[in-house]
Every structure is written in structure tokens, then in C-alpha cells.
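Consider the two complexes below, in which chain A is the common component and chain B and chain C are the respective partners.
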Partner chain A sequence: MMNTPKELRYSKDHEWVRVEGNKATVGITDFAQSELGDVVFVELPANGVAVTAGKQFAVVESVKAVSDIFAPVSGTVTAVNDALTDAPETINSDPYGAGWIVVVELADPGELAALLDSAGYEKLTAEGGH
Partner chain B sequence: MAEKTPLYETHRQYGGKIVEFGGWLLPVQYEGILAEHRAVREKAGLFDVSHMGEVTVKGPGALAYLQKVVTNDVTKLADGQVQYTPMCYPDGGTVDDVLIYRYGADDYLLVINAANIAKDWQWLQENAVGAAAALENVSAATAELALQGPLAEAILAKLTDAPLATLGYYRFLPSATVAGRPAMVSRTGYTGEDGFEIYCRPEDAAALWEAIMAAGRPLGLAPAGLGCRDTLRFEACLPLYGHELSAAISPVEARLTKFLSFAKGEFNGRAALARQVEYGPPRKLVGFALTERGLARAEYPVVADGRRIGTVTTGSYAPTLDKNLGMALVEAGYAKVGGKIAVEIRGKEVAAVIIPRPFYKREGKK
Partner chain C sequence: MRKAEALIFEKGQPGRRAVDLPACDVPAPDAAALIPDAYRRKTPATLPEVSQLELMRHYTALSRRTFGVDTGFYPLGSCTMKYNPKINEDAGRLDGFAALHPLQDEATAQGALAVLAAMEQYLAEIAGMDAVTMQPAAGAHGELTGIKLIRAYHRHRGENRTKVIVPDSAHGTNPATAAVCGLEIVEIKSHADGAIDLDALRAAVGSDTAALMLTNPSTLGLFERNIREVAAIVHAAGGLLYYDGANANAIMGVSRPGDMGFDVIHFNLHKTFATPHGGGGPGSGPVGVKSGLIPFLPTPVVVAADGGYRLDYDRPLSIGKVLSFYGNFGVIVRAYAYIRAMGPDGLLAASRDAVLNANYCLSRLKEKYHSPFDRFCMHECVLTSKNQKPYGVRTLDIAKRLLDYGYHPPTIYFPLIVEEALMIEPTETESKETLDGFIEAMLKIAAEAEEDAAIVKNAPATTVVGRLDEAAAARKPVVRWQP
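Let's turn to the complex of A and B:
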């Protein structure tokens, strides 16, 4: 059974968002890591770059697949999880915790309304996830 | 419409993640590619390779026919022996790479790649016109399991009285009994480990799978999917048709010249391949390691001296070596071990160095 924490918001591209004040922590969902399989490489953005909702900002590669990671919200990257460079498998073992990818300072908190809640995301993945 | 092997339901019961591969529905993984890869290197893994094709060649002209269609010298085979050989077009391009099993002087089995069955069958028949050899495509009547890893012999020995301990590499037992079922057992594989390939009737495949799993579980045997089959063969630098070999890639370019016999007489592709050997092929297959962060994938461009010099044929994280490696077909002038190249990954050049192949070789190879 996939883990979909209630307190998070989700994108249709299988990223999650944890909002605290005007900052959003972003990662990929348990469903996404499970579909990808063993993650062996992560390409992270630089700290301070601007990201745009719906645009690719990172790459996660498993043994078999290359997956673009899309920003669920627009803003400025204020923290990058550099630990993933040496331990990309953390995305598999703890996708909502130590497997976080970046923190984004929100440019437009109104964008959060476009994201799914956990029930909406579970419905999406139950339908096949695409 | 993708086809199912006789083990399709078994894979689902074992939690296999089913994908389509070469027109077949097969598990890419069960527990995970890295865990299964490790199981095969350290203990053992069980694969369903029933998608592979099988063609029998029988008759007084069988040997002469095979000598013409494949590049290796089939007269070197004795009964009970297996040979690896490319099969080429007249221009030297590769139709397929196959295993030949000799049952008798007039009785052979070819094992061919799943994705090539229709093409190979047509090619084999076209070349059989006028030959005193009868061909039969027995692919649908043949299932195949691969038990691979250092503990493969200990596991299989629990299920058969067949003399596995004295069965050498690339030798086979035509009529063994495994777990009470008739099977042909060969000491062959596609993982770089010791192991066996077990050919059986489709209706016996599920029972054999269960018997092998039951015998092997206590020793660490894991069901293994196509994902680790690819990473295992990649580390051992075994070619995969469609990547390291194709109609546009000759065995000489793929560094398989030791499987060509120019001494045996005429065969398909002989003149073209002999020219490539004499003058050197324009391109050569190399192994490389990325020396900067990145992961190379098939089809990525290879560059050097500011221009494109080749293409990645397979690239992957190599689990046993914990390195990001690849194989590439490059201009022959750049094929030297130690040479500096770069792989273009998402528009950026990532530095790499050419390294010796294979990347992985097991200890005490039989």
C-alpha cells in the first residue's frame, strides 16, 4: 500500500509539497519512487535558482529510467538536499523525510490551490498515475 | 498484443512488476533490481527466459547448413557441447547472436533472441533452400529457466541426480530429470556467473520454478527479473542484440572476432568480415567509466576533440562495481584504453575514460 501523508499537497507529476510559512519543501512521492525502482543518481538544481511551476528543475535516475522532476510551485530555491548526491537511495527509503529534494520560497502562494490533497492524489494513482 | 510465458501467473504471485519486453510480458523486477543483482552475484537468482526462441536443425545436411549461416566453426562441437556464435548478413551486419547445442552429428538446437524470432526464422528458412536439413521453430513448445549464481549447482543438485559437478561450462545434458520433470540442462548463462539454463515443456515450467525456489530459498535464492539480467550481462560486457550488435553493427566492430572462423570456408558475411579484420573496422566497441557525475544511457552521443565520435550502446550504474559505466561504439582511432572521451548527457559533456572490458569477471571461472 502506498504511503500518502494527509498533511502534504501533491502534484499530478508525483511531487509532494510541505508548506511552512512562505516556504515549501519538495520531494517525490512514495508512488513515484516505487514506480522508478532503485534510485542511483540525482541531478540537483543550484541553490538560489528560480523554478517555475510545471517546469523541470531536477532529474532522478533509477537503474532503468531517467525521470524529470517538475516544480510543483514557482519560487526561489533556498535549500538543496546535497546528501542525495552520495546517497540517492534515500529517495527510496524515506521519500517524505530524508529524501526531500529542495526547499522553495514561494513566489505565489496562490499556486498551492492547484495542487491535490492526499485523497485526490490517491485517486490519481489508483487510476494508474498518468 | 504482447505474449505471456507459461510463468506469467507465477510472476504475479511472486510480486513481479510486469513490463513488455520484445513483445513479451515479463517481470522487470520483484524485490528490486539492485537486490536481485546482488543475489545473483553472491548467492543465486532464478529467471524466466521462456521468451527466448528455439529452432531445431536436423538432417544429413544440418552441419553444412549451419557452417554457412553462422560465423563460428560448428565442426568444433562434440555431442553435448554448446557454442556461442554470431549469425551475419552478407554485408557483415548481424542477424542475431545465438547458441548452438549439438545433440548429434545431424541434430542441433539453435537458441535465438526473443525479439528476433520472426526475423531469424525467415532468415534461417531462406538460407535452407536446397539444404538437406529440416528446420523446426519449437519456440512455443519450449520454456526456459535460468538458475544463475555461485550457489546454482548446490541448489539444482537437490533436485536432480544428473552429474552437475562434472558438467563443464558450455556443456549440456540432453535428457536430465529435474524435480521429476524431463529437462535439458546446460551450464550456460547471461550473467557473468556460474549457472544453468533449464529447457523444459511449457506445462512443466511452473512446477519446476516452484521446486527450484523451494530448494533454493534457504540458501538465498531470489526470483530475478529482466532488470538485473541486463545489469548483470552489462557488467560482464556480454552483448545485447539491438545495442552492441545489430544489422548495422558487425561482430568485428563488437570485438567478437574470436567467434568468427575464416578457416572453415565460405559463410554468410565472410568476405565483408574478412575485410574488416584485415583493414580494421571503422568503429569499435569500447568500455568506459564516467569520471565526472552523470549516468550514461543507450543512444547518448560520445564526443572527443570537439566533435561526435560515437554512440553509447549501453550505459548503467554498475551495481557490483558501484560505478557509472558504459559501452559505446566509437571511431576506431579513439578506441584505446586510457583514452579520454566525453558523453553528452542532457546537452552537457560529461568526461569519461576508456577502460578494459569486461568490467566484471568472476573468480575461478569454470
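Let's turn to the complex of A and C:
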């Protein structure tokens, strides 16, 4: 059974967002890590770069495939989870916790409205959307 | 089950030799006088010390573990692992070809130039193009050459077009090529039936469109039926169409990319034209173009002159050389032999049989394996492990279990847009008996998944090594042997 925490927001591209003030922590969902399989490499953005909603900002490589990770929101990267470089498997073991990827300072909090809630995301994955 | 082989370094005894040489009866040169001190090793190299018999048994045992199309069925999707007729090898090893030196006078290499000229002509005819360069070393190199030609074409017309459109089903080399050429990639979605979304294409093209890169049939093994409409949309925006010939084995002699509206194409001789493939090839990726791009072709170009041929380097608009000398010539000779042996009717029959074989596999396997597209396929078919998922069996497990049945697994987890994909390309060279054997194995695996999933999930059981830990190999690679 996939874990889809209620307090998070989700993109159709399988990223999750945890909003605290004007900052959003971003990672990939339990469904995404399960579909990707064992993650072996993560290419992270530099701290301070601008990201745009819907545009690629990181790359996750699993034993199956190399996948672009798309920014669910626009803004500036204020923290990067460098620990993933040495321990990419954290994305598999703790996707919503230690497996976070970046923190983004929101450029437009209005973008959050376009994201799904947990029920909406569960419906998406149940329909086989990917 | 066979035991894992020790490494050659782990065998033998100090002082043991494979050959006993007599004492040297001429004065030995002083190594110190020949090689500067900085380059001389201070400790002896730890080389294997084995007898000739140990040596022979070691490498013979390894050679018996290799798997190739000469030893078994190899339905690796998108790779066209067809049988390579051995007469191709005979042709490639003729002294007049094999003993040529690339720098000898072209007057003494007229036969080789005639083969290059003939291959350019044959491939142009098969592709519906106006000219061909044989220089690129393999498929991705052909793509690089083709996109550089397209760049040169646009620049010569005073246009700086910076975007390359690729469908989401594309081979990874397509966007990689565009990126290496400094171009921006615009990805467009496919419809549920695998076809390009024409509205998305219309929205994506513009005055900055350099090219659309497309494989037809697509990586889903499906023919793009709207190809003329696709070409019209891209051409109306001033862009060119690039044909990735990876799947040309489906259309050879049946339809021509040039007639579909493509401007540039590469072929993979090592796929479609039966030259050695896998294990390093080498490959060959000739590129064909329509007349407007001929001035930009790589130099030298083989031209007819005085009843023979010469190499023309005087091409001011050329993108220059893309490979040393004239391409992987030995491979080109082998493909030449293949085309001559097959003839136009033979090539047509090869494509038709390739498509027939793939559809035979699809029609029998879709009873047990989920088929994401309800239509005829071309030379390869895509299935998934969706029906096996409830039993905890994934595509990787099915691929590993096939090893126990003696088959090379199909391509897995590609195309990326199909979840848990399994892509089978049987090629035309396999008999119905072979296909039936493979299909029976696949159906048995489907039954095993339902009845005793552990057999499949723990496979392979009969190979020298069992299930490899791919994640550990990628995360903590050990790239050299340590004593």
C-alpha cells in the first residue's frame, strides 16, 4: 500500500511539497520511488538557483531508468539535500523524510493551488497515471 | 549448475609459464638505455603465471559462457539482433579489403571506393534520399552528424534555429544528440495509442524549430500513421525532419523515409544490414540527406572521375570530417555483401518476415501478458507485466527467469512511457519453431508467476551467477581487481 501523507501537496509528475511559511520542501513520492526501483544516483541542483514549476531541476537514476525530476513550484533553491549524493537509497527508504531533495523559497504561493491533495494524488496513481 | 570461474590472476603458481623460450642467443639491449628512468616500473608487474593448458581451459571456459545470436534466440527490442550471414565475413576478410591501408593512393584503392559509392547509392535508394555519407561510426554518431548537417543548413540560410522536438517515446540518444549539439529539447507527448499528438506538435513548432527527430515505426513498435501530416507541420514552420533509422528493419523495401517527408536519416548497418553487433561491433551509421543538404556532407566525398572514383575534399560548406578516414570500412563491406546477397526482393521479404514474426509473438503472448496497444505492431512488440503484478512479479523477474530457459531476455523498462515494459524484437531470421519455444517459455513463466511466484522472483537458478545486486553495483562499483 502506497504511503500518501495527508499534510502534503502533490504534483502530477509525482513530486511532493511540504509548505512551511514561504518555503517548500520538495521530494519524490513513495509511489514514484516504488516505480523507479532502487535509486543509485541523484543529480542535485546548486543552492541558490532558480527553478520553474513544471521544469526539470534534478535527475534521479535507478537501476531501471534515468528520470527527470520536475519542480512542482517556482522559486529559489535555499537548501539542497547533499546527503543523497552518498546515500541515494534514502529516497527509497524514506521518501518523505530524510529523502527530501531541495527546499525552495516560493516565488508565487498561488502556484500551490494547482497541486493535488493526497486524495487527488491517490486517485491519479490508482488510474495508472505516470 | 556451473561453478563460477576463478580469475586468471587467481590461478597458477609463481614461475609457471605457458611457453618455455630458449635462452636468448643475441646480446640483450639495456632497458635503461632504451626507456627513460621515469617510465620504467620499479616493481615487476603481477602478471598471471599459468601453464598453457590452464590458460587454454580458462579462456575456452569463458568463451563457452558467451551468449550471442549464433548460440541462441536474442529478442532484444530496438536492437535487431538478426543472424549475420557468414559470407559477409568472407567478403570483409578478402585481402583486397582487409589489407588496404587508409593512406594508400586512391588510384590503388578503386575497388574500395567503388564499394563506398555503391553503398551510398543503395542506401539512398532504400531510404528515398538524394545522397549518403558512409563516414559515421554508429547510430548515435549518425545522429550527431545529421543534426550538425541540419544546423549547417539553417545557418547557411541565415537562420539560428535552436530547438529540437522529440516525442516522449524517443530513443534516449535523440535528445542526447540535440543537447551535445547545443540545442534545446522540446518533448511532446504521445497519445494513448502511441501516436504523436498533432496538436501538441503544432503548439511546439515555430521559427526556432531546427528539427523534429523521429523513429518510425516508433519505439513502441507502432507505425506513425500521421507521418505526412507531421512532416507538413514541421516543414511549414521551416524545420527539418530527422529519421532515426534504428527501426528500419520494419520498413526496408516497403516504405521510404524520404517519401514520408524526412530530410535526413541514419541507418544502423549493424542492425538492419546484418553486420556484427554487440560486443563492440564496431557499428556503422551512414547518414542520408535530401538534395538541399548535400553541400554540408562530411569530407571527403567519393565522386566519380575518369571512369573511376576519387575522394573530394574541396567542399567549402562541409561540416568537415566526423571520423578518421572513411568510416568503419570493414563493416561497410559486410553490409554491402548482405545487400548484394539479399537483393531488393530479399530485403523486402526480410522486413515483412520481421513484422510477421513480431505479430506472431504478440498475438500468442497477449493472452497472458498485458498488451498496452490494441493494434498490429511492426517489427517489435511491447508487452507489460501488469497481469503478473498482483503476484508480486515484475518485468525484471520475468527477464531473469528467461535466462533459466536459455533465452536472452527482451529489452526491459523501455520505452519509458510504458510502465514495466518488455519489448520483444524477434527479427526475420528466426524460425517458427524457435519462436514457439520462446513463447512456450514465456507462457510457462506467466503460469509460474500465478502458481509459485518465488521461482520467478528468485531467478535465475541455473546460471553461473544468480540474481545480481544491480543497485549495489551502481552505488558502490568495484572497477578493478584487487589481490
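Descriptive notes on the structure:
We adopt the following convention: the second predicted complex is superposed on the first by the 130 of 130 C-alpha atoms of A that agree within 3 Å, B and C clash if a C-alpha of one lies under 4 Å from a C-alpha of the other, contacts with A are read in each partner's own complex, and residues count from 1 in each chain.
Definition applied: contacts are C-beta pairs under 8 Å (C-beta built on N, C-alpha and C of every residue); 3 or more make two chains touch, one makes a residue touch a chain.
Quick caveat: nothing in here was measured; it's all calculated off a predicted structure.
Superposition of the two complexes onto chain A shows a clash between chain B and chain C. When the shared chain is aligned, chain B comes close enough to touch A:59, but chain C does not. Looking at the shared chain after the overlay, A:5 reaches neither chain B nor chain C.
Of the two partner chains, chain B and chain C are each touched by A:41. In the superposition on chain A, no contact is made by A:97 with either chain B or chain C. Of 62-70, 188-196, 224-232 or 242-250, the segment of chain C running into chain B after the two structures are fitted on chain A is 62-70. With the contact threshold set out at the top, residues 37-38, 40-41, 61, 63-64, 66 of chain A are in contact with chain B in one structure and with chain C in the other. Chain contact summary for the complex, chain C toward chain A: residues 172, 396, 413-414, 416, 419, 470-471, 474-475. Within the complex, the chain B residues that touch chain A are 17, 28-29, 32-34, 227, 231, 293-295, 297, 316-317, 319, 324, 346.
Of all residues in chain A, only 35, 37-38, 40-41, 61, 63-67, 88-89, 128, 130 touch chain C in the complex they form. Those residues of chain A whose C-beta lies close enough to touch chain B in the complex are 37-38, 40-41, 43, 59, 61-64, 66, 85.
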